[in-house]
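I have placed the structure first, in the form of structure tokens, so that the comments after it can refer back to it.
The letters A, B, C and D name the chains in turn, as written, and every chain counts its residues from 1.
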Amino acid sequence: MRWRDKKVTRQACHLSLKHLTAKQRQQGLLEHLDSGEVVVGDGSFLLTLEKRGYVKAGLWTPEAVVEHPNAGRSHMEFLRVGSDVMQTFTFSASENNMESLWEAVNTAACDLAREVANKGDALVAGGICRTSLYAHHKDEVRIKKLFRLQLEIFARKNVDFLIAEYFEHAVEVLKESGEPVAATMCIGPEGDMHGVTPGECAVKLVKAGASVVGVNCRFGPWTSLKTMSLMKEARQAAELKAPLMVWSLGFHMPDCGKGGFLDLPEYPFVLEPRVATRWDIKKNAREAYNLGVRYIGGCCGFEPYHIRAIAEELAPEKGFLSPASEKHGSWGSGLNTHTKPWIRARARREYWENLRLASGRPFCPSLSKPDA
Amino acid sequence: MRWRDKKVTRQACHLSLKHLTAKQRQQGLLEHLDSGEVVVGDGSFLLTLEKRGYVKAGLWTPEAVVEHPNAGRSHMEFLRVGSDVMQTFTFSASENNMESLWEAVNTAACDLAREVANKGDALVAGGICRTSLYAHHKDEVRIKKLFRLQLEIFARKNVDFLIAEYFEHAVEVLKESGEPVAATMCIGPEGDMHGVTPGECAVKLVKAGASVVGVNCRFGPWTSLKTMSLMKEARQAAELKAPLMVWSLGFHMPDCGKGGFLDLPEYPFVLEPRVATRWDIKKNAREAYNLGVRYIGGCCGFEPYHIRAIAEELAPEKGFLSPASEKHGSWGSGLNTHTKPWIRARARREYWENLRLASGRPFCPSLSKPDA
Amino acid sequence: MRWRDKKVTRQACHLSLKHLTAKQRQQGLLEHLDSGEVVVGDGSFLLTLEKRGYVKAGLWTPEAVVEHPNAGRSHMEFLRVGSDVMQTFTFSASENNMESLWEAVNTAACDLAREVANKGDALVAGGICRTSLYAHHKDEVRIKKLFRLQLEIFARKNVDFLIAEYFEHAVEVLKESGEPVAATMCIGPEGDMHGVTPGECAVKLVKAGASVVGVNCRFGPWTSLKTMSLMKEARQAAELKAPLMVWSLGFHMPDCGKGGFLDLPEYPFVLEPRVATRWDIKKNAREAYNLGVRYIGGCCGFEPYHIRAIAEELAPEKGFLSPASEKHGSWGSGLNTHTKPWIRARARREYWENLRLASGRPFCPSLSKPDA
Amino acid sequence: MRWRDKKVTRQACHLSLKHLTAKQRQQGLLEHLDSGEVVVGDGSFLLTLEKRGYVKAGLWTPEAVVEHPNAGRSHMEFLRVGSDVMQTFTFSASENNMESLWEAVNTAACDLAREVANKGDALVAGGICRTSLYAHHKDEVRIKKLFRLQLEIFARKNVDFLIAEYFEHAVEVLKESGEPVAATMCIGPEGDMHGVTPGECAVKLVKAGASVVGVNCRFGPWTSLKTMSLMKEARQAAELKAPLMVWSLGFHMPDCGKGGFLDLPEYPFVLEPRVATRWDIKKNAREAYNLGVRYIGGCCGFEPYHIRAIAEELAPEKGFLSPASEKHGSWGSGLNTHTKPWIRARARREYWENLRLASGRPFCPSLSKPDA
């Protein structure tokens, strides 16, 4: 397995970040994380492709990878903006959600992810997620079988590692996989519905075999960092070493309760006013880094420009800018040549850092009360 | 030139959009509009591709059509959601903005638009827009030459009609073209900086040779309808017949002044909280239709799902749903099977029509004051 | 009739408001206004005393002047903060609203106003207001009789001038009075329900005998100035000389329509978040002055500290500060000695002028839609 | 000492609350609380009289009781709306804040409070509060002497009980007094600056001699109930019996930190948009009662109509309405006769309970960040 050729990538960006002395390497996820390097994940597929017309809200299955492979190729956007990992678009793609289509979808998703990854020496991660069967039946045999079916395809397609994401309960399946597993939970700082705290959860995941632990989805960027902080504390108290990852939502939702964004009345169709800005994400990525998180990506709502914001903020640590930063002046510097002086005046960091942006919706409130 | 076979498509719509067997018809923009049919335009390219990493904010030039043709092919998303017109991605692509690249860009943009249009019997519109030269020099000879260079490529590439958009001043160039021209101005209900009212502007455009008149960009969906209402009145008073078009921004900006969204402090990087929802656009499309507007599309901020909202709202008039409506349950009906009862309860029209969505940003205001 | 001795008071002001030895002068409202001097009106009685427990929302009658004379004596607060006029608390005190109580109320109200006015050489204004009879019956004979009954008491009690306020229609009764009349309408910049513009209204009032014209109630401070600006224009066009007065609401209500604050869903019990600050009113008073308005007071929602803000802003023009300014450091200077440095840092003009104050209500919107 | 004659009061209200069988009683604070009766406190003096022009923001001393006794008599408003206790207006009236004036102020404040209390058989509470000396010097001898000087006057004037309020640290002085002491702290649910929790604080106060414990000032109505809930838990855990009291601010401030409202940038001059409505306070009073709190009053921002809202909400428990409820229709019933039907439609509970009131300030945010 190979890693992105930093030298080549750097060539594209050498005008922005000088004096890099990177070595081309053959290296996987854990080597990178163990050496303290930052790994940038990819972003939103389901909600993003729903808005492009390829995914249906509700069951949220990824049949697009066989129906519209070009849509599934939107991985390419994430590669260009700086993602180091292409996750297979296999959310909810287990047999019980997709019936006879499941196998074709998992296979095609692996192929698409690898096709794009190869264009930038990125890693491919096979993604499995919780099944609603657990909540209903707790039929462990059935659930493990579903996971095994997907894992067999991932193994055959030779993914570089596995991501077990969107779990609400610390899972047993993890140990069975030979690959490194990055495992994330949908959990907020107040813990889950059964009273499990983020810290207990992190420790359980590691003991169940996770190489990397963290949170994904359901909570906004700042709330997720609060959870990570609690996971980090517990990991230290338990003298465990697993690196930390975070993939928050790309939406501001300080008002959601334990259940996360599903419970907010705006989910899933009118989350627009909550979308984070690039500057929000830049700041959040730096704070995640300062907290010790090294695998930083995004979940629902993370568009390519949000991932680019992460990659740009952490460019000093990574040593290079991604190709799509050619299309992004630092702190709005592309406005420098605007004909209107008051727009040119916006081409600076202080402006964007301090602006309190308006919603344009004076008849709407700032916060909602969760339904549940 | 060919157009989507509505009769067959409508039948297909009854069959859940399957087994489409489109027959090609020979009919152009004006025939459709003259017969009272609705024409759905496409949406946002510049701001949308900026967020995907392919366009740079500031000069906003469309070099992506040669650098990343697949990105330029995002026309495909608009076709799937219901656009009847594929506009060439040639905004700001005149020679004085793009130097030696201009010719390749205009040529490639025509080819990409036609390639996609052919997949759905859509029309291709060649797009020209204002040049900042006018504001600075008023060098008419130079400006007309720039336009002529682009028009020659559009003629060679056999576009179906022209769109002269984003003008701040009623233009002279229009008469020179043999194709029908849809001409739009960036003008709000209060008129332009020189005291020209929307009504005067509409009359001037028609007299200058525009077959269709309206507004695009700079103002939000509701403000733009106020302007259209004034244009309609003036058109009637002048006993002119030109059909009306509207392409507003996909952002709420009741607070922008005469200069439109450029003057708002949030432009262009933190407009997120202002993005219109699909339900906003549905309602707006119906109101545009009721006002007599028949060519309805979108400008900056109009994502595919917004165009789909127009196409769905006007499906009774058009007689068919677009393919991407397969991925969109009516008023959120895809939530019907959700495991949580309070989320299932959201699968109904009254819910989404009455919800006052929150911004999730309690430290931010609702409105801003324009800079200029 | 006597007026505050400004020369002496101004001198006193230099002495930190001590050692006042007022001399009585004989001068009325018009002499003051004609000489360009500023007259500061008083503020809110009905809504203010409702909150103190003495007035009932709904019919809004002033029986408090006989039931609780000390409450009616809250004129004293306005005198102390700088009001030059004590208006009789006789709103809605006509016979058809108050039955047998009307005479005692009008008489007591005159006595209370004079009692307080005499403590500061202020003027007493007898106040009459619209009757709902007009809207229902247009029974001119009956309405004029009601007005005459009140006016007879005012004449007997020797008020210094009359205020005909809260009218929705330009009235005929004005000419019958021998006293100068200050007449105000409840009208916004968009005109009244019958299409009468503010300008037409101002001209009619003057021609009907008003010595001073303006607006009171129903609209917020900034909206009222827009109306005044239109009245001023029309007055000039008609070559009339009547001085201008303004008594806006002490509430921000940019969202109310033609009908004013009655139509807003918050009226009358939950207007709290809309209450103007002292700094808002300072700024507004200056703008009113710059527009040429010389009689500046307040209507519902104007608490004593709002009137003080007017008097302080216009102290350079008036030549003195009112006694209650002893209890009000300029721009918060009283915070200078606070033990917490971040609170001391608030004791300056720039701080309060630029602060964007929060509502503390994140579940509430910024604007409402009028009911009517 | 006598208590309000409920029979007489009831007579005034017998149309509202029927079948009362109250006995006239000679009873003090503790007897009432011990028997489970509700005691309604009074409300805001400092901030309220600042707005009327009698108190200066900053040092907040109550010289008004000698300078303007009528202003100091605004106790009368609280008596009328239902307060069972008249607290002497002696905040910050210790010798080190008021110099030679201190004695006259404390004496006059006792006389004014008794004068009003006698009109309604209310109790008189002598109020002492923290001194900033403690924070600076911790000079216990000096502080105790200051307290003793005030207490001597209270003893001479025969107040019915003492309120030790606005303390930031559990105090020692309490034991020295022979009267029952109601002691309140300015503490939020997160505890004080030294890490003392509300529970620890409550227990300390009782052990130091307080007969009644609770919180006053600095935090909003809902935040204060969270603190009370914690105090209640700790009191139970410690098997103590002291009744509970709460006097929150009359402002919404969910955004203030540990330091309370002083730290919010709006303090003290632009808190207007945060003022609680009468319906907010009604709901809050019921929740306080349900929590077990029996002495319920208000601190800064509690106007008479807020106290009336408490008295009305708890009228079923108290057995009578206060006189000022004659001027307050239940849930806005006074609007029943309004000429406009949409205003009549507001005369009902559901309307006011569900209304999400607007701020009228679209350029302002919902929340602020504390300064400290």
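Going forward, a residue touches a chain if its C-beta (ideal position, glycine included) is under 8 Å from a C-beta of that chain, and two chains touch if they have at least 3 such contacts.
Given the structure is predicted, the values throughout are model-derived calculations rather than measurements.
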Chain pair with more C-beta contacts, B-D versus C-D: C-D
Chain located farthest away, centre of chain A as origin (C-alpha): C
For chain C paired with chain D, centre-to-centre distance based on mean C-alpha positions, whole Å: 32
Separation of chain B from chain D, taking each centre as the mean of its C-alpha atoms, in whole Å: 60
Residue list for chain D, restricted to those that touch at least two other chains: 255, 356, 358, 362-368
Complex contact set, residues of chain B against chain C: 356, 358, 362-363, 365-367
Parts of chain B lying in touch with chain A, wherever the complex brings them together: 50-59, 70-71, 73, 76-77, 80-81, 132, 135-136, 220, 251-255, 262-279, 303-305, 308, 323-324, 326-329, 332-340, 342-343, 345-346, 352, 355-368, 371-372
